[in-house]
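A short write-up of the structure that comes next.
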Amino acid sequence: MTALLEIRDLHASVGDTPILKGINLTLNAGEVHAIMGPNGSGKSTMSYVLAGRNGYEITGGDVLINGESVLELSPDERARAGMFLAFQYPVELPGVGGMSFLRAAVNARRVEAGEEEVDQLAFVKMVRAKAGELDINDDMLKRAVNVGFSGGEKKRYEILQMALLEPTISILDETDSGLDVDALKIVSDGVNMLRAPERTMLVITHYQRLLNHIVPDHVHILAGGKIRKSGGKELALQVEETGYAGIDDAA
Amino acid sequence: MAATTQTIEQVEQATGKYKYGFVTEIESDKAPKGLNEDTIRFISAKKDEPEWMLEWRLKAYARWLTMTSPDWAKLDIPPIDYQDSYYYAAPKQAEKLASLDEVDPELLATYEKLGIPLNEQKRLANVAVDAVFDSVSVATTFREELSKVGVIFCPISEAIRDYPELVKKYMGSVIPVGDNYFAALNSAVFTDGSFVYIPKGVRCPMELSTYFRINEQNTGQFERTLIIAEDESYVSYLEGCTAPQRDENQLHAAVVELVAMQDAEIKYSTVQNWYPGDENGKGGIYNFVTKRGVCRGARSKISWTQVETGSAITWKYPSCVLQGEESVGEFYSVALTNNYQQADTGTKMIHIGAGSRSTIISKGISAGKSQNCYRGLVQMQPTAENARNFTQCDSLLVGDRCGAHTVPYIVSRNPSAKIEHEATTSRISEDQLFYCLQRGIEEEAAVSLIVNGFCKEVMKELPMEFAVEAQKLIGISLEGSVG
Amino acid sequence: MPALMMQPDLSNVVVSGPVRTAALTAWQQQGWPGPRVESWRFTKLDRLAAREITPASSLSTATAGDGLAMAAGMGAHAIQIVNGVIDPASLEGLPAGVTAGNLSDDQGAQDAMMALAPPNHPVSNLSMAVMSGGLVLDVVGEVARPLMLIFEGDDASLSAHPVVLIRLAPAARMVMAEWHQSAVALSAPLIGLDLAAKASLDFVKIQSEGSTTSHLAATGVSLAGEARLTGFSLSVGGEMARLETHVTMAGEGADCQLSAIYLGRGRQHHDITTVLNHDIGHCTSDQVIRGVLDDRARGVYQGKVRVAEDAQKTDGQQMSRALLLSRKAEVDAKPELEIYADDVVCAHGATVGELDATQLFYLTSRGIPEAKARAMLIEAFLIDAIDSVEIDNLAQILRETATRWMAQTGLTTDGNQHG
C-alpha cells in the first residue's frame, strides 16, 4: 500500500539556519499521527514546509503524496492534491467575503478533479449544514474571512474549511492554542467527524490535552529538528508527566 | 438582469486580453482632420445648433489657444498633435430615428457585444441607456417611461435644441470654459453626451446610464454631460466606456457637470475601461477628464464612485463644491494600473457651506511597470463652520517595478473645521497570499480575490448592475502581473 | 524670473572657485521660485522679494538674544555666526573631537556640500555663491560636550548666507543645536550634515529670528549605513520662515527621526518642508509635525517620502497635526508618498482642527476655567511631541521656547485667570 503522505529525511533551512534536520514520517490512510515538541523544535516550520510556503529552503530529502514527490508543486497545487493545513494563526482577509472565498476554494478543487463547479445556492446550503455542526452562525459566514473573529471562531472556521474541502491529508498546526475547554470540544468533534479510512491527519501540538479529544494512533516527539521518539498514544501521557526534557535524551 | 449576466459571461470567456478591442465596420461621416474654427463650425452645423452655442464654442476655442497643457501631474504625457485628429465622426444613418428598430444593426450588435443591448426585448432591466458612438448618441432607451415622471434624459445635442434655457443656465456654470486646458478644449469641440434633468421632488425611477464607445481611428471623443437635480430629487447615473484596440493613442477629454439643489442627491458611478494599451505600452486612450459637481442647496449630496482600470493615461479628479449648508460630498475610487499604464487621479472637496461633510476613500493598485498616483485636495473655506472631512488612501503594490504615489493637499481656513487624512502603502501580504494558495486557489485568482477585498469599501458603492462586472474587471486587469 | 521680485544686490560679492561660480550661475538663471513652482505653491516670497537687501560681508558685533544663555544652560560650546560671518574667536577651544576648517577655500568640501544640499533650491545656490561665512566641522569619536551654532545679526538691510558643513566620522557621536536669533532681512543658512556609518547625531534647531526677518534655510543630510539622526526643529520667529530639509538614506540600517513644531501668530508664515529619499533599503524614517496657529498666521507642512526602486524593507512614516486658534489663520499640508519599491511599510496621517471638544469638556467639568483648559491641552499637544527628544538638554531648550511662545500668545496654564 502506498502511504498518503511520506516524509523522507527532510532537511529545511530558513536563511542560513537549519531547522529540520532529517525528518522521516509515513502517514497511511486511516491513521492519525500526532507530533509533539517543545517551542522552537521546528513544528510550525514543518507544517509550512509540507504546505510549500515560500521562504523555506529544502536542503535535502523529499515529501511524497501518494508516492509522488510534491517538492516542485506550488502551495495551491499541493492543496488541490489533497493537502490541508489548519493554520495556527489563521490569516485575516479584509474585504474578502467568506462565502466567495470558500466557494473559490471548493471550486478550484472541483475543476481540478474535472467536476462541475458548485452553484451559489447549492453551496450556501452545503456550508450552512456543515457550519451548524461547528457552531458557526450566519453572521460569521457573512463577514470577511477571519476579520473580527475571536481566536476560537478562527479555529472553528479552519475546521469548517477542512470539512468543505474534504482533504485526504490534514495538517493541524497547534489547533488547540487559544481555545477554552468548550471551544476545544467543538473543534475536536469537528476533526473527529472527518476521520475516515481514506484519510490521514497530522496533529501538531505542544500540549497533550488536545490528544485526549483527538486520540492519535501514533505519537512522535520532535525536538531540535528531528523525531526523537515515536510510540503510541501513551507517549503523549509520558510527555505530560515528565516534560520534553527526559524525552530528548532518549534519541 | 440579462445584460449583467451577458457581460459576465463574456468576461469569463476572456483569455486575458482586452475584451472590448474589436472594431465595428461601419461607414462614418467625419469632419476634416485638424482643429480650427472651421472644425468647430462644422460640428456646430452638423448638430444643427443655435447661434449662441456656436459662439460659446468659439469663445472656448479662443481661450484654449491661450492655455497650456497642465504639467503638475505625475504623468509622462507624450506631446499631443491636436491637428492630427478627427473631432467629429458619426456613423452614417437616417437622420431621425422613429424607433430603435431603425438603428443600424451593426451598432446594435456592437452594443450587444459590449453587454449593453439596446433593442426592446433585451434591454437592461430598470436601466435607461444613452449609447454614444464616437461623436453622436445613437440611441436612448426608456425615454417615454422617464418623461412620464418629468425626467429628461436625452443626448446633450438634443437638449441644446429642445431645452436651450436649461442648457444656457447650467452648462459651464460648474466648470467654466477656461477652467483648465482640457475643459476648454472640450467646450470648443464637444460632440455629444447626455443631458439629465430631474424635476423637483422626483426620485428617478430607474438607473440612468451612458455607454461611451470610441470606434473610429484617429478620433478624439469629447463628450459633455450635464445633470441637474432639482430640490428633493434623486438620480443614480452610471457611465461605462470602451474603445477598440489600436496601436496609436486616442484622446478622450470629457466634461461632466453636476448640479444638486436643496435636498437633492446625485450618485454618479463610472466603470472606466478604455483600451489601456498593450503589455509594451503601445496604444491606449488618453483619458483627460474634468468632472465636477456643485452641491448648491442645503443638505444636497453628490457621490462619485469610480472604478478606473482602463486608459493608457488617466488624468481625472471628480470633485465636489460643497456650497450648501450640511451638503455632502463623497468620492469612492478604485484605480488599477498594470503594464505601462499611468494614472493621476483623485478628487477635490471644496467646503464652503457650514456643516458640510466629505468622505474620500481611494484604493490604488499598481502592477507591472505602471505608475499610479492619488492626488486630492481638501479645502475648508472660512465659511465652512464645523465642516468635516475624512480621507483614507490606500495603495497596494503588485510587483516591484511599479510606483504608487499619494499626494494630498490639505488647506484649512476655518478653526472649527476638522480634517482627517490617512494613507498607507504596502504590498499584498505574503500571509494572505499563502493562506489562499493553501486552500487550493491559484495565484492569479488569489491575488484577484485579495485585491477585490482591498477594494471592497469602494465596490459596495457601485450599483448592482456594475458591481459584478467591475469585480471581474479587476481580476482581468491584473492578469500577467503575477509570477 | 518674475520682474517684480527684487534680487539681492550681488555687485560687491566676490565669487571664487568653480563650485561657487556654478552656484552663482544657477542662481542667476533660476532666482527666486516663480508663482507656478509646485514646491513653493504654499509659500510665496513676495514680501521678501520686495525688500532691498545686500549680502553681508564682514563681522559685526553680536546682538542680544537668548542663544548664549541657552548654550551656557546646556553646557554647550557656542560658535557665533554674526550677519552670516563666522566669529573666529568662537572657534577657539572647540570640544575634543571637533575640528574646524574653512569652507570658502576648500573645493572638495564645497563639492560635498552641494551634493548634500537640496537640489535646484534658491538658498542652495545663492548661499553657496555668496557664502558670507563658510565653516567645515569634522567630528570624530564621542563628543562629550554639546555644540551650539548661534546665528545672529543686527542689520535689517543685510542678508546672511552662512554655509556650514558638518561631517561625522564613522561611529562619531555628537549633540548639537542651531539657534537663530538674527534681525537681518534675510537669514539663509545652508547646512550640510554628513553622517558616516554608525555615526549618531542628536540635533535641535530653534528658529527664533527677529519679527521682520525672513528665514530661508536649506539643510542637506546624508546617512550612511546604520547612521542615526534625531532632529527636531522649532520654528517660532521671523516674519516668514521656511525650514527645508532633504535627507538621503545612503546606507542600509540608517534611521532618521525628523520632527518639527511651528508656532505662528500675527501675520507670520511658517513652512516646514522635508524630503526623505530612501535610496537604499532597510532604513527607517519617522516624522512628527505639530503646528499651532493664531491670529492671521499661516503654517505649511510639505513632507515627501520617496522610496527608490529596490529600496525594499523601507519603513517611512509621517504624522502631521495642526491646531487653528483663530478664524483668520490658515494651515496647509501636503504629506506625500512617492514609492517605487513594493516591500515597504509607508504611511502618513494628517489632521487639522480645533482642540478636542471632549477633552476640553472633561477639564472644564473638573472646574478648570476654559482658557486655562485650552492652554493645558495646547501645551500637552506640544510637550507630547517634544517628549520624544531623548537628550535632556535639547528637550529643555525646546520646552522653554515653546512655553515662552505660549505665554507671549496669552496661553497660560499658570493662574486660573482668563489669559
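So that you can tell them apart, the chains are marked A, B and C in the order they are listed, and the count of residues begins at 1 in each.
As a working rule, a contact is a pair of C-beta atoms (placed from the backbone, for glycine too) under 8 Å apart; a residue touches a chain by one contact, two chains touch by 3 or more.
What you are looking at is a predicted structure, and each value in this text was computed from that prediction instead of being measured.
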Arrangement of touching chains [line / ring / star / complete / other]: line
Core chain by centroid distance, with centroids computed from Cα atoms only: B
Chain centre separation in whole Å, for chain B relative to chain A (CA means): 48
Distance between chain centroids, defined by C-alpha means - chain A, chain C (Å): 56
Distance between chain centroids, defined by C-alpha means - chain B, chain C (Å): 44
Where chain A touches two or more other chains at once, by residue number: none
Of all residues in chain B, the ones touching two or more other chains: none
In the complex, chain C residues that touch chain B: 38, 309-310, 312, 322, 324-354
Residue ranges of chain A in contact with chain B within the complex: 51-55, 74-76, 79-80, 84-85, 87, 90-96, 100-101, 104-105, 108-109, 112, 144, 161, 165
Chain B - residues contacting chain A, complex: 429-432, 434-443, 445-446, 449-450, 452-457
Residues on chain B engaged by chain C in the complex (per definition of touch): 72, 74, 380, 382, 395, 397-427
